[in-house]
């Protein structure tokens, strides 16, 4: 399982607001429920799943602004892939919080 | 108010675990309470505040792994700075969630 | 044509040096010559090509540190995809340099 | 010496072209010649120098789109800071190229 952190920025939007694009991306993610877990943060979308599946999801959500008429998209992705033990969004938070509690 | 999304990756750690570095960064952030708001996500730390203050915070938390003996650090930062209206972590989440509820 | 900017950071390397991993990634990229263009910069690798092909390349070069025994990899990707006109690495540099010459 | 890789994306530009913003950022960087080294790539601007100086530069070039009337800016930064030996843009490229030549 890998965890991905992604932002998809539409360029050439006339206004500074981009929340409608983020909402449309989450509508696409709903189709992947059961295959990946995802979570909206104030700065990006986090997606946990098999790396191959995550790359398929990248390809699809990167298209969302183009489908709305935008001509340029800047997508930014961080992938955290750990294979010595099962790594999950929940487990990562817990590991830090346990150390903070001590 | 700007919002920053930051990861500080220590390079040359012997093991794949880095949660102790993240915990130490959050101990540093505690000193800034009242000046900035911050939030841990499974993939990064989000910090909201005045941009000048945020850049001071970057300088300080980027040093944390060095103070623990690490010799190389890869820091990754996204800054979202919107000035046509007050932008906050809470407000950004709400804007997307309202659009998803319709 | 999209342009991608990628860093693949191995975590848990014992030493701060990672240039051997970057070199191995470029050996993988050689296999894609003709399909994508690529360029090493001091901070990352830039790759130009069809977006679908670029995502295949991500999947492959992200594996390189694992093949060398590393157990955790942090990959960071920026994608710049412009569709109102042909966008290339060379064309982007030229556009900025022309504006700087005026 | 640290090395920084930065993109400053104006949001709400009406058109997909952003090269004029990049050019204006390089005009600002000219003022720092002697203090930092910098280099334009097709995907970002690389800047080498003392970390404190680099953070001052971030604060200044992040303002450029606002000075041109833009109301929202998304800045993305990677910092590579290595302290066990002198690390430079030129030295990093050479280290990889030497390994590729073998």
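By letter and in written order, the chains are A, B, C and D; residue numbering begins at 1 in each of them.
Everything below uses one rule, namely that a contact is a pair of C-beta atoms (placed from the backbone, for glycine too) under 8 Å apart; a residue touches a chain by one contact, two chains touch by 3 or more.
By chain, with names taken from UniProt: A, B, C, D = Thiamine-binding protein.
Keep in mind the model is a prediction, meaning the values are calculated, not measured.
Colleague: Pick from B-C, A-B or A-C: which interface has over half of its contact pairs in common with C-D?
Modeller: When the contact pairs of C-D are compared with those in B-C, A-B or A-C, A-B matches.
Colleague: If I superpose the C-alpha trace of chain A (Thiamine-binding protein) onto chain C (Thiamine-binding protein), what rotation angle comes out, expressed in steps of 5 degrees from 0 to 180?
Modeller: It is a rotation of 180 degrees, to the nearest 5.
Colleague: Calculate how many whole Å lie between the centre of chain B (Thiamine-binding protein) and the centre of chain D (Thiamine-binding protein), each centre taken as the average of the chain's C-alpha atoms.
Modeller: 20
Colleague: Just give me the whole-number Å value for how far the CA centre of chain A (Thiamine-binding protein) lies from that of chain D (Thiamine-binding protein).
Modeller: Comparing mean C-alpha positions, chain D (Thiamine-binding protein) is 25 Å from chain A (Thiamine-binding protein).
Colleague: Compute the distance, rounded to whole Å, between the mean C-alpha positions of chain A (Thiamine-binding protein) and chain B (Thiamine-binding protein).
Modeller: About 17 Å, centre to centre.
Colleague: What are the residue numbers in chain B (Thiamine-binding protein) that touch two or more other chains?
Modeller: 7, 16, 71-72, 74, 76, 78, 80, 82, 84
Colleague: Within their complex, state which residues of chain C (Thiamine-binding protein) touch chain B (Thiamine-binding protein).
Modeller: Against chain B (Thiamine-binding protein), chain C (Thiamine-binding protein) makes touches at 7, 9, 11-16, 18, 70-72, 74, 76.
Colleague: Within their complex, state which residues of chain C (Thiamine-binding protein) touch chain D (Thiamine-binding protein).
Modeller: Counting only chain C (Thiamine-binding protein), the residues touching chain D (Thiamine-binding protein) are 3, 5, 7, 16-17, 19-20, 22-23, 26-27, 39-44, 46, 76, 78, 80, 82, 84, 88-90, 92-93, 95-97, 99-100.
Colleague: Which residues of chain A (Thiamine-binding protein) touch chain C (Thiamine-binding protein) in the complex?
Modeller: Checking each residue of chain A (Thiamine-binding protein) against chain C (Thiamine-binding protein) gives 11, 51-52, 55, 58-59, 62, 66, 71-84.
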